[in-house]
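Okay, so chain A shows up in both of these, paired with chain B first and chain C after.
Showing the complex of A and B:
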């Protein structure tokens, strides 16, 4: 019995117990994760069904690309896709162009009064907290006066204004990690402030910039409220297309799934890429600041 | 040292942000005191005092409670339920994902997924492939189990919205709390093991207090995300049946774009912001109070 067990045997039972525990844990974690993501997974599956197969829920069927062809062949969608791509590309670039210098100045800038950096930083943060409903009415009336309703440019300006604070917030923590001494050394060597930003600080916060850019791109890609209220048919983006899908196309589960797959995939992939830096940016910016 | 003019780095960004967010918000405050109906150009725009607010707040024939109060109640209910669900279940999920198992990154990635799915698409997916009583999984499973499926979207709209809100925003909570759990130094976890602390104690008496800062940031940002959420309601219940799943943002939208009443919509928007600020304040204070105990 237990008296006759050698140390080796005891070690082996402990090891077995550990392996068993780990296996059970792995199974639980993966079951939970797959169930959590199953609505999206099932939608990806349904995208490969024919409309006939998709009527009743099933997991087994013969996959086909037919539905994808139908959705991608729909010229209606290209307008929305083009608008979305324009907003994401132009919006992200402008946000970064405005946000990077601002975050840099907030981290290293010297102003007349001491508290300016902190005050302006907090001001940027409070604008993140403002819900879009609070501004939609004047924006709508402005857009009517300046004839910007349903114009891509109008929506772009709004997106830039709403997402610059996010860039500032995320980059602030990355810039704060850069030692001031490096910048001072560069200054002694004759770098102007602009050169300090471009040549010294920028390469050091590269990951932060990529993360902030990806996050802003995902947010703009997914933004619905402003796009829905400020655009009609010409400048509408993909989230609006998804909301209108049922009214226009009726109840076609396979087509709907294929369309959603096309629409969702870029954001999900972008998001997963930015995952690690996202955690750093969000937690460092929020938890320390 | 040479003098720098660092404002030039800040000003462009600040101007855009101010023009797009601050100025319109001040205008919203102004509009909320005006009588201004876009559908009635014959009526001149004029100063209206607090009548727009009064329109929503007055209780005309007690004990009949006007619609406005039930909308506020629905908003509060949805937000609080979703926030609680996200925090509690999110913490448990974060605990699960904090384990070292093969392929844990894949599991994390899967759970993070819904955060990046656009709200209208996720609403449409849930509505057609899951909650639909004839074509969705819910209907099929119900039939298989032998009971008649109730149309959840029209009979329990609030519950459906809470479920969808939580599903979509919980990954964000998990992300923040997981980051918190992973920032706890290994020595502390090891020393709790040496001291013979059980799972329950180590989770709720050691880990939970150590990540309270992460939880508070997640809850405050999460509250903002939840209050902003609009697309999910529009594509699933569309506020209905009747106004039984209206939230304040949805009501603002209906006031401007269906009733064209700028003044009243602005008043509603101001009330929404005020309530959000109150909510954040309460949250912040209760967290501060708690952290004082541990510090």
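Showing the complex of A and C:
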């Protein structure tokens, strides 16, 4: 058999090609990942440096905790932290309390005119697409009129308004996956509409509720634009603290980095422990059985 | 215990489509009534209106003596078994069955007693702590039935409960459900598209088409004395053969002329059919009344004709022959010992005592009493 390759040789070539492809792909992926992550890496590293070391972005230095001590010792920050916690906790709970029944009603409610379910659902969806920047001026005026500037309650109202649609959007998908016959069986068994939601539908969309809650919590924790424009000293949240830190204290890179690390830490820890739930929630609802 | 009455019942959808067209039906207490018909005949819609899951556009529904039009589903004292079981996935079998009773605030002992009794009747005691996803189709169906039994309702409603089961399981469950009904002595309304289920299970069958009731009667009644062409063709498998024909007079005798062959009408029927002389009619005869070998004690009134065998379908206990005579095609159900082969020309015999004649325009049967 001269001239033609044996089966063994062909198989080996195919294997080599596969390995080569995989290696190249891995190198590319890691390179892109490192490029994307490098600013964050720089920031985290700088957090452990002194101001002097932090000026140069070198990877080799003697780590110190004094910057962290300085940042955590800033009593100012704790006010902002309290506000952030308040917004996240109250905001998430209220969004869920309002969004779950809304999604349920939109998924299963019987309205007088046929298309109401879809119409109202689309209204919620379009709210998600609304950029806060587009409405900040009327919002600010409105807040001034009602004396809500720099009030935690004011910010809370806006956060609820912007984030309930996210809950509705996610849970609508999950509720739609619940077969309507199960609710009809519950109805015949003696459930009121409310009991159908609480006793039958809710347990079945638990993953979705957790995912929606996590998503809303992270969004509120990270929200900057509205907080920055609608709060002063009393109601400002941590992202605003970060912006003011830079303004007031200047480009103290190490301190900035330490402060940033502290601020994003809860969200990262949160996200790390809930990533499975989040992914499950975000993807499961999207596949209609 | 209660009967169910449907009076001038209408269901019209917002887009104008009238699904249920003013039907009237009386179901007696403890009766097993089957609503049967092709897809889209509104049998499920009618059932759901009795259950309270569909709004009633017009007419009345009575359960017992109560008009239940405005009564909520949960207050109608009915229980329903759905086609895809509709079990609560997050509860185990015990909780599924106990759910309704707990909602009604029954004492724990009573709940336990009823659940275990139902589980015993259905043979599912060993499944009580399992969740639905760990059950087979048949087991899920039993749990669904159990969930209905524990409520001790006045009426049981079944919406094609066996459709999702495999053929063999369906046969077993059919018998079980019929036995159950006799045991429980409760009114049952059962919806199916399977005429075999209807025939074997019902005390009476209600055949529906396009939102109308075509006939109501016992299985044998609708089989032997169909009111109209639709019922005649729907009940019985293989379906009745229909021929467009003319009723003619030949040498003083009445005969059916199908264009391809002629068969004589039994003299006893002249009175009934006489008024249709020379008119277009539809002649119907069931496959089992067409044979290829006369029985020893031929008590029928047999008309002979020659036809070609187009297809032979051996079923073991019988053979189905697809035949053609001239332009007419028909099905015959013959003895398993039959020697007829494909493409053979054979003699077949129509038992004319069993003939049916339908008015070509109204599709109604031309009665002979």
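Following the convention adopted for this analysis, the second predicted complex is superposed on the first by the 246 of 289 C-alpha atoms of A that agree within 3 Å, B and C clash if a C-alpha of one lies under 4 Å from a C-alpha of the other, contacts with A are read in each partner's own complex, and residues count from 1 in each chain.
Note that a contact is a pair of C-beta atoms (placed from the backbone, for glycine too) under 8 Å apart; a residue touches a chain by one contact, two chains touch by 3 or more.
For clarity, every value in this text was computed on a predicted model and none was experimentally measured.
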Now for A:66: first (chain B), second (chain C), both, or neither, which partner does it touch? neither
On the A-aligned overlay, A:187 touches which partner chain: chain B = first, chain C = second, or both, or neither? both
Once chain A of both complexes is superposed, is A:204 in touch with chain B (first), chain C (second), both, or neither? second
On chain A, which partner's contacts cover more residues, chain B's or chain C's? B
Just chain B (first), just chain C (second), both, or neither: which does A:46 touch? first
On the A-aligned overlay, A:179 touches which partner chain: chain B = first, chain C = second, or both, or neither? second
Determine where on chain A the residues touched by chain B overlap those touched by chain C, and list them. 187
In the complex, the residues of chain A that touch chain B are 22, 25-26, 28-30, 32-34, 36-37, 39-40, 42-43, 46, 55-57, 98-99, 101-102, 104-106, 108-111, 120, 123-124, 127-142, 157-158, 160-162, 164-165, 168, 187, 193, 197, 218, 221-222, 224-225, 228-229, 238-240, 242-243, 245-246, 251, 253, 256-257, 260, 263-264, 267-268, 270-272, 275, 278-279, 282-283, 286-287
Considering only the defined contacts, which chain A positions touch chain C in the complex? 114, 179, 181-182, 184-191, 195, 200, 203-204
Of all residues in chain C, those that touch chain A in their complex: 14, 51-53, 73-74, 78-80, 82-84, 86-90, 99-100, 103-104, 147, 151
Can you list the residues on chain B that touch chain A in the complex? 1-2, 4, 6-7, 9-10, 12-14, 16-17, 19-25, 27-28, 31, 93, 96-97, 99, 101-104, 106-122, 124-126, 128-130, 135-137, 140, 167, 175-176, 178-180, 183, 213-214, 217, 221, 224, 227-228, 230-231, 234-235, 248-249, 252-253, 256-257, 262, 265-266, 269-270, 272-273, 276, 280
